[in-house]
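Heads up, there are several structures right after this.
In what comes next, chain A is part of two complexes: it sits with chain B in the first one and with chain C in the second one.
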Partner chain A sequence: MNSFWIILTGSLVAATCGFLGCFLILRRMAMLGDAISHAILPGIAIAFLLTGGRDSIAMLVGAAVIGLLTVFLIQLFHQSGVKSDAAIGVTFTALFAIGVVLISLYGSHIDLDLDCVLYGEIAYVPWDTLVINGAEWGPRAVWGLGIIFIISLLVVGLFFKQFKICTFDPAMAAAIGIPVALFHYLLMGLVSMATVASFESVGAILVVAMMVVPSATAYLLTDRLPVMLGLSMLIGVLCSILGYSLATWLDSSIAGSMTVVAGLLFLISFLFSPRYGLVSKWQVRRQIKLELE
Partner chain B sequence: MNWLQVLQDPNTQWVLAGCILLGISSGVLGSFAFLRGRSLMGDALAHAALPGVCLVFLLTGSKSIGFFLVGAAISGLLATYCITMITKHSRIKEDTALALNLSVFFGIGIVLLTYIQHSDSGNQSGLDKFLFGQAASLVGSDVNTMIAVSSVLLIITALLFKEFKLLSFDQGFGKGLGFPMGFLDGLLMVMLLMSVVIGLQAVGVVLMAAMLITPAVTARYWTNKLSTMVILSGLFGALSGAFGTLLSTQIQNLPTGPIIVLGSTTLFLFSLLFSPKRGILFRFLRFMQVRKKVLHQDILRSLYDVMEDSKKENSIPASFFSVERLAIKSGKQAQTVEKALRTLLKKGWVTQDKEDPQKWGFNQKGLHVAHSLVLNQRLWDLFQMHEQNFHGYTIDQSEEEIIPQLNGVQLEMMLKELEHHNMTPTLVAIQSYKIANHTPDQGGVTA
Partner chain C sequence: MGIAHPDLPLSIRDITVAYQKKPVLRHVSLDIPEGRLIGIIGPNGAGKSTLIKSIQGLVPAASGQVSIYGKPFKEQRKLIGYVPQRESVDWDFPTDALDVVLMGRYGKLGWFKRPSKRDKEWAMECLSKVGMADYSNRQISQLSGGQQQRVFLARALAQEAQIYFMDEPFAGVDAATEKAIIQLLNDLKAQKKTVLVVHHDLQTVTEYFDYIVMINKRLIAAGPTEEVFTSDNLQKTYGGRLQFIGEHTAVHTDTNKKGALV
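After this line comes the complex of A and B, so read on.
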């Protein structure tokens, strides 16, 4: 039963992140996702210090606020003349450093340590259960992640057309009257919430892996956005199952193993994707060469 | 503990020297990375070093920085190669390739790290220090290695400064001159990697990127010259390195990396706000100044315009006009107009009607100022509307005034054209720039 809960949590993390990650990589903002996932650390730490426990709602709000603040700061620095990649680098390292200092100084008073922040502890998820009126309702992480997952699906589903246009042609979106900035910040808010919901399970840094790797894999396999969204969620679930097996075999971090599996899946599609794979491109080239001769 | 006592401790001196040199070399190399638009490459390289470090430990069981250097360098190079391959051979963009390699390599590193921790392969506690850095854990031989490597890096940079300058600003030109640009680019990348690797133990993989980015960005605020920027960036790096080392050895449980990063971020924020040329504060002040100047000019011109209108109606213009009328003419709030008029009164350009202080008019000096403003404005309008007529005039449109840019013949031509379009400002005679029969006591003006 524990394995089931762990795999389910991993799948939810990977599916939520992969789903939102598609938009990030299509808009060339993968590093912004990386920045957000680092930068929410002080939000988490402050929420921990203020509430003294893992009150999920306070943490969600704190992290979402810090996430949006990060995006805003990056934009601000960029507008005041700093190159965008440098603006990202300056902002997230500074916020992350604040988070690490807070945790190192006060970490002994609260139930939070740096290892957990960095690579999470998905193995403990089944024991932290949600109890209502004395009845157990399954792991809390599963509930939190499930809710975020459904919210993301709903928001993106409701405004699918708008998100799609904003992603592929922001100038046109602005021209036909779609509030591009609003959807930008909406997406960033969702990314921040997904990150904070996932961080306990996979850690702040590996959230990025779950955002970028499955969606990049899906990007190599299809040209259609809905298919890409579905595929990246599917790949995420696959990562969770295979990653768990790898971790039990090696006796190592589950989140790390999920990333390794995701990397392997990417490698496979990089080499063998029917249209964009290295091998298939090579074959096409050989075919043409033969025909010419 | 007394600061002086701390500084006299030879061990601290060594660690401090190492961290300062580290700050200098990463600051210097970071400025080139920054100018090449490769700031986040340092982040990827630092994260990618983790699996290399773990693998070396797993294979050799030693914790010497020399071995780690080799392992980190190899895995960093591999990551660079992967990033280049992925961007070159698939439709994945560079930022995604960076994030992808960074996180996958780090994931592999975490798997290896936890594998080492869970298996009983002796004392592995030092390895976690690589995540956030612990300068206090540096020993003599580590510091020696750091000093040696960073000195070599700095010497190479000094020798190849001209070549790296070309690489940063105009790669094509450098190629044309016959420099091996591809090789230099690769060399810079390897040097960047080296500076990342020697920083790992002191700063940690997660925040090493800041050592490369933040000092360079900060230095950029103070200068436009590459050599000054590189020196400043090195200096900022050294300062934050020293600050972080001293503070983290003083307080228990405080990792060095984040403190160094916070130190350099403070320098960055200070520059962002207070740098004289590009800082937010001075830019804001300059902006407000320009706004005030433009407002005053607008009001003077509006006053001139309404006076001209009244001259057209009555041949003898009224001398004083209400704030409301000026507000309508200039399209601004009455309050703003009145405030501006009061400032202009202090400058001695406008006067109030003695009978009705709500009404305002020019005095002699103000009329001349307004006249030349209006003339300048109308000449610009004319120039922009009929640019083809003034073909061959060398006019810089970003300049504020047009008259000094014209020679006598051209000015005459333009004034004639102005007359032709009935746009000549009529309150002061243009040729003489003097008022013929001015009676200052009445404040009235006739042309």
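After this line comes the complex of A and C, so read on.
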């Protein structure tokens, strides 16, 4: 049963992040996801200090607020003339460092350990259960992630055309009256919440991998946005199952193994994707050469 | 500054736009008559794109008023069709030509509706109008520059607008596409639509447009081509960078331009 919960948690993390990550990489904002995942550390720490426990809702709110603040600050610096990569670099490292200082200052009094925040420990997920009126309702992480997953699916599903056109052609979107900034911040809010819901299980660092790698893999495999979204979730689930198997076989970190699997899947599709893979490109070139001779 | 005339498709009063601190457009006022094919011309950096963007509220204007058929732009969005510069979007986006054209329907769909079968049929018809029906399922990165531009035009047609703003639709397209585009623009004009086109190639101005707006950071002249396209106005718009051959033909000597060389 524990294996099931761990794989389910991993799948939810990878599917939610992969799905939202598709929009990030299509907007060339993969590094903004990276920035948010690091910058929410102080949000987590402050929420933890204020509530004195891992109250998921306080943490979600704290993280979402800091996540949006990060996006806002990056935009502000960028608009005031700082280069966008420098703006991202400055903002997230500074916020991340504040989080590190806060946790090392107060972390010893309370049960929040920097290693856990950074690297996560998905193996403990099955024991941290949700208890209502004395009855156990399964791991809390699964509930938190499941809710974020469903919210993300609903929001993106409901506003699919807006997210699509804001990603493809923001100028056109603005011209026809779609509030581009609103959808930008909505997406970033979802990314922040997905990140904070995921950090306990895979850690603040590997969350970035889950946000970028499955969607980048899916991007190589299809020319259709809806297919890309579906594939990125499927790849996420695959990463979780295979990663767990790899981790039990090697007796090593589960989150680490999941990410290694994600990397391998990316490599495979990079080499063998039917249209964009290296091998098929090489074959096409050989074909043309043969025809010419 | 009275209320703009409701018969005028576009009327702008005293628009000033500044990026950072430097104004790129100063005090531009214009009244555009209905059913004309209008060329917006001026040198690089004259604010041509900025003008059509600020009319649509895509860049904030420091001051000024825009009215579309006598009402503020925001109330009249559905009357507007927009063709941005082709390079402004990422053509590696995972979608096909038909789907891009369908985006032209989004403005009419409101917040929650999805494109219907009728919308899809109409999008398909718009693709046929630009001669791209055979490419509807083609991934957009697989299209040539000219074909991408036609897809953009089809998307604007799908908007079923009254007024079209087009940002350099002729930039970097082959001769066949250029011909197809101008044909299409003339069709729109014949349907009493008003089409404003940011244009670079001075040699084709008299051939393509029956009305022109000349700007260089401020309005130099606006009116019917035969009245306004004079060497005097060209001199004012382009400064000393022009050579004149005959009365109305001007050849640009700035070699950075995609337009004609001597």
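Operating definition for what follows: the second predicted complex is superposed on the first by the 293 of 293 C-alpha atoms of A that agree within 3 Å, B and C clash if a C-alpha of one lies under 4 Å from a C-alpha of the other, contacts with A are read in each partner's own complex, and residues count from 1 in each chain.
Here is the rule we use: contacts are C-beta pairs under 8 Å (C-beta built on N, C-alpha and C of every residue); 3 or more make two chains touch, one makes a residue touch a chain.
Owing to the predicted nature of the structure, the values given are computational and were not obtained by experimental measurement.
With both structures placed on the common chain, the touch criterion links A:Ala45 to neither chain B nor chain C. Of the two partner chains, chain C is the only one touched by A:Ala171; chain B is not. Judged by the touch definition given at the top, the superposed model places A:Val237 against neither chain B nor chain C. Of the two partner chains placed by the overlay, only chain C lies in contact with A:Arg224; chain B stays clear of it.
Shared-chain residue A:Ala15: touches no atom of chain B or chain C. Taking chain A as the reference chain, the count of touched residues is higher for B when chain B and chain C are set side by side.
When the two structures are aligned on the shared chain, A:Ser252 is found in touch with chain B, with no touch to chain C.
Of the two partner chains placed by superposition, only chain C is touched by A:Leu158; chain B is not.
By the touch criterion defined above, A:Val213 reaches chain B but does not reach chain C.
Once both structures are placed on chain A, chain A residues 28, 219 are touched by chain B and, in the other complex, by chain C. Chain B meets chain A in the complex at residues 34, 37-40, 42-43, 47, 86, 89-93, 95-96, 98-100, 102-104, 106-115, 118-119, 128, 131-132, 206-207, 209-210, 212-214, 216-217, 220, 251, 253-255, 257-259, 261-262, 265, 268, 272, 278, 280, 283. Partner chain A is touched in their complex by these residues of chain C: 53, 56-58, 74, 77, 80, 82, 84, 88-90, 93-96, 100, 103, 106-107, 109, 111-112, 114-115, 139, 155, 159. Interface residues of chain A facing chain B in the complex, by the touch rule stated above, are 25, 28-31, 33-34, 38, 77, 80-83, 85-86, 88-90, 93-94, 96-98, 100-101, 104-105, 107-108, 114-115, 118-119, 203, 205-206, 208-209, 211-213, 216, 219-220, 247, 250-253, 255-260, 262-263, 266, 270, 276, 278, 281. Residues 26, 28, 158-162, 164-165, 167-169, 171-178, 219, 222-225, 227-228 of chain A are the ones that touch chain C when the two sit in their complex.
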